[in-house]
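Encoded as structure tokens, here's the structure I'll be asking about.
Residue numbering begins at 1 within each chain, and the chains themselves are lettered A, B and C in the order written.
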Amino acid sequence: MGWFFRALNSSIGKKFVMAITGVCLLLFLIIHLVNNLTLFGGPELFNNVVKNLETIKPLVRVIEVILALIFVFHITNAIRLWIENKKARPVNYKINGSSKNSDIFSRTMFVSGSIIFIFLVIHLRTLWVAFNFGHPKAVTHEYFDILVEAFSSPIYTGLYLVALILLGYHLYHGFQSAFQTFGWNNKKFFPLIKKLGLIYTVIMIIGFASIPIYFFFFYGGNV
Amino acid sequence: MSGNMNLTLKIWRQKNANAVGGFETFNVKNISLDSSFLEMLDILNEELELKGVEPVAFEHDCREGICGACSLVINGRPHGPLDKITTCQLHMRHFKDGDIIWIEPWRAKAFPVIKDLIVDRTSFDKIIQAGGFVSVDTGGVPDANAILISKESIETATDAAACIGCGACVAACKNASAMLFVSAKVSQFAVLPQGQPERYLRVEAMVKRMDELGFGSCTNTYACEAECPKGISIRNIARMNRDYFMSKIKSENVEM
Amino acid sequence: MIKLDSKIPPGQIQEKWTNHKFNMKLVNPANKRKYDIIVVGTGLAGASAAASLAELGYNVTVLTYHDSPRRAHSIAAQGGVNAAKNYPNDGDSIYRLFYDTLKGGDYRSREANVYRLAEVSNNIIDQCVAQGVPFAREYGGHLDNRSFGGALVSRTFYSRSITGQQLLLGAYSALSRQVGLGKIKMFTRREMLEVVVVDGTARGVVARNLVTGEIENYSAHAVCLATGGYSRVFYLSTNAMYCNATAAWRAHKKGAVFANPCFTQIHPTCLPLHGDQQSKLTLMSESLRNDGRVWVPLKPGDKRKPKDIPERERDYILERKYPTYGNLAPRDISSRAAKEACDEGKGVGDTGQAVYLDFADSIKRLGKKVIDERYGNLFEMYELITAENPWEVPMRIYPAPHYTMGGIWVDYNLMSSIPGLFVLGEANFSDHGANRLGASALMQGLADGYFVIPYTIGDYLAGTKFGTVKNDNPEFKKEVDNINDLTKKLLSIKGKRTTDDIHRQLGRIMWNKVGMARNEKGLKDAIKEIRDLREEFWQNVNVPGSGEDLNISLEKAGRVADFLELGELMAVDGLDRNESCGGHFREEYQYEDGEAKRNDKKYAYVSAWEYKKAGDWKLIKESLNFEFLKPTVRSYK
């Protein structure tokens, strides 16, 4: 298996790991969004959906572990690449002309990724931990109220929206970049892939952003 | 067009590979708008020589955009502000009287500075030596027309083969990655029948060598394509990625 | 005294090379690794020779002054490479390619050499295709051909307008493969400064490490020089900035006789000078003359814009002088016509050193679309450099030196008058006579490297008894001392002129007096002026820096010092040759219509010059015998 690990550790192999984990996360986001949109069905629908998930808890846990592993791979690989890539240019240019030859989305993947990571930790802390580990409202299956509570905070809601914008940057580049890494770039289809990436990103961002905005303005923190 | 201008140049100077470098400021006067950028540097160098000062060392040769020797980062951009040309094809009419121009060498661990603006690009040669060829000895080859190649394949191969090995891709990439250079050579042979017998061995060997030499990895910013004087497409990188995966699946070589 | 033997094999022209190959001695495969060969230069000839010799099993050491072998100036050739494949079924044959090349060279080359060149031309194409060189193809997948000057058949293989690059990268890849396999030791940024001759044979070279300044010794059993031509003696030329004659010239001074130095080719369609700050000239494809009309204002000093000059006040010089060929007159004639017009003060542009190449009529006649398809990229290139739109204003063009047919004298085996020193490609004099046809330089470089030297060097090695010569031999020490003295001398002058300044002055002398049209008085003046300038160089040049590191001023100064000697020899040779042939046009020897007047009775010989001391040469004549093709007047009317 030496060849296998050597391949994964090659520059192209590491990119492959980034791309494949990235694609998994893109798919996860779709499921996550569909799940979230049930919030618009009102407290009863949402609470029931979550309650039903409770009945298949072991399966959910397994998926969560896999998801966590994907995140870990994606993030550790990114850090490794970032450090190695910094080393590849020990002396920087005095004048940075990169804005003339590349777009901001591609150049800021590590920054946008880092901020998304910080957000992810807060996000898990406020919602996932609350849902799973003994929030009084979770015990009574009033999950909807937990969200109302969370988005009543202008700081949290603001952070959520800022993180979403950066997520948009990250997804927009990541989507087509994954295809490029897999080698699926040709004259005919790549322009289409770029457009699909944009559509995906816009849907994700509008979809996810609609929730905090909805809660903040329509519930205003009053349960 | 005629006329002339005065400019301030901020040029990286470094005595040798081990010395600490820094920017020096020079003023040049009466530069014709029709002069090329390198001719402007020639004028500066002649003035320096007359003063008994060592001229600014920079690499250049053919001065018509094909040898790949010239290599300056001008105001932050490899080969200067225009697209799809080399530094030697850049003319002073694209600057204004009184401009301050920053001139730096290619920056990459795999391209160490030798002196002033000259860097060592032998790492590119080493990558080619690892597999950038068809293993064929002189003589003992079939008639040229015995190998049929479609027009489409030959166009794709020629697009890739047009690479001049200047290293602007590495200089432009924020990770100092050599993927565009390497993929251009891999692609040229990957689309031609002559390249098929060694197709997977070649990509594995060249990528391995590239990694050993300290180039960064590709993060798909496509700055390389934007700065390439020959417009080499990033589709070549995709093709190389594809061939690399396929080599892992198809070839039984466990040494790589 | 050196005696020259061309070693042309006997027999019918078609059998000479075949018989010779059989008669040559062979080196046992197991013994090849015991022989060391040095190749200097990595252009088409050098790279192909090094790769082929290493494949055979010899230990090869390669030196180049570039940072990479791929930078050699062969890379800049655009048009194509000739071969007698006859793929288009238009009547081509080896014999026809032989005939065209010999005639194109105005019957001043050896029949046997030219025939061999034509004979191996087909192998070159096969070899390059096998290497993956992307020659243009037809839709059916077969190779495409285009036509070129001096031939009535389509025999030129090409890859867009980057044929030279693609062929060089092919040879470079073969070379790189051998470097990877350890059969070639590659030394970049090394400038060869002396050939080391021990007991009368070439046994190594001394080179300067251009980064550290160190003078390094390389010993071998044989040395191949593939160091290109000397057009940079004119300062402004289409050659690359680093191109120089130093390796060849130092070999010449060691005893390698120099042949036909005055045979230089001036290409008519180059971009003009923009002014005094110009560093080199750029070639534009000759094909432009198919649809462009060359003209100048009728009145000298007419500074009006071209569109303001009415038809009747224009002089279409080529159409007037050569009504049959018109704008497609041969290179030397077109170049001369442009120069004459400029000398009369009719030159156009700011500098007055250009003529118009006007597409207005063709655009009107054929439409913009057709012209764009044919020349679109050339128009773009022109606009990039000159900032003038050739769709609106006529192009300005001017001739420029770009190839030197002369070079180190070699015999049929490509060996110079120093045993063990072989010379390949443009650096030798062998195949193009007094004028080279388009797409033949690439052919010759590769023929020498892939298909001639691998055979002939084996014959030399197998037939020679070698004593042990290591790089600590006293001869090496002597050369190193000489070079160090020279370096010290150059650095200590500290005069008031730059090397480039003196080089520019040399260029002007050469251009005006040893250029497209020469005469006795001019040549004599040139000799005197060059001597004076050489004197001045050694007293008044300023070379800053030290010899102990990378010093671009020192590199240039050494090269210009050699040009200052070579330039004189070119004039001396031109003065000796009292005839006009090919690129050598003596104004005294022309027909009434301006055609070159060759003198086969007196000058059907190769002028080989033996170096005595600076400014003193002895002429050795190698007579040219034409057994198979009888020389005729080269008329293109």
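We take it that a contact is a pair of C-beta atoms (placed from the backbone, for glycine too) under 8 Å apart; a residue touches a chain by one contact, two chains touch by 3 or more.
If you're wondering where the values come from, they're calculated on a predicted model, not measured in any experiment.
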item	value
Chain located farthest away, centre of subunit B as origin (C-alpha)	A
Most centrally placed chain, judged by C-alpha centres	B
Separation of subunit B from subunit C, taking each centre as the mean of its C-alpha atoms, in whole Å	27
Between subunit A and subunit C, centroid-to-centroid distance (C-alpha), Å	63
Chain centre separation (subunit A, subunit B; CA means) in Å	37
In the complex with subunit A, residue positions of subunit B that touch it	10, 12, 23, 73, 75-77, 81, 102, 104, 107-110, 172, 174-177, 179, 207-208, 210-211, 214-223, 226-227, 234-235, 237-245, 248, 253-256
Residue ranges of subunit C touching subunit B (in the complex, touch as defined)	48, 51-52, 55, 66-71, 73, 75-76, 85, 87, 123, 125-132, 134-143, 159-160, 162, 164-166, 169, 172-174, 176-177, 179-180, 186, 188, 211, 240-242, 274-275, 277-280, 282-283, 350, 384-388, 450-451, 454, 494, 496, 498-501, 542-545, 549-553
Residues of subunit A touching subunit B in the complex	2-4, 6-7, 10-12, 14-16, 81, 84-85, 87-98, 100-103, 106-107, 109, 173, 176-177, 180-187, 190
Contact set on subunit B toward subunit C in their complex	1-2, 15-16, 31-36, 38-40, 42-43, 45-46, 48-50, 52-55, 57, 59-64, 66-69, 85, 89, 91, 93, 114-115, 118, 120-122, 124-125, 128-139, 141-145, 147-151, 154, 157-158, 161-162, 164-165, 188-189, 192, 194-195
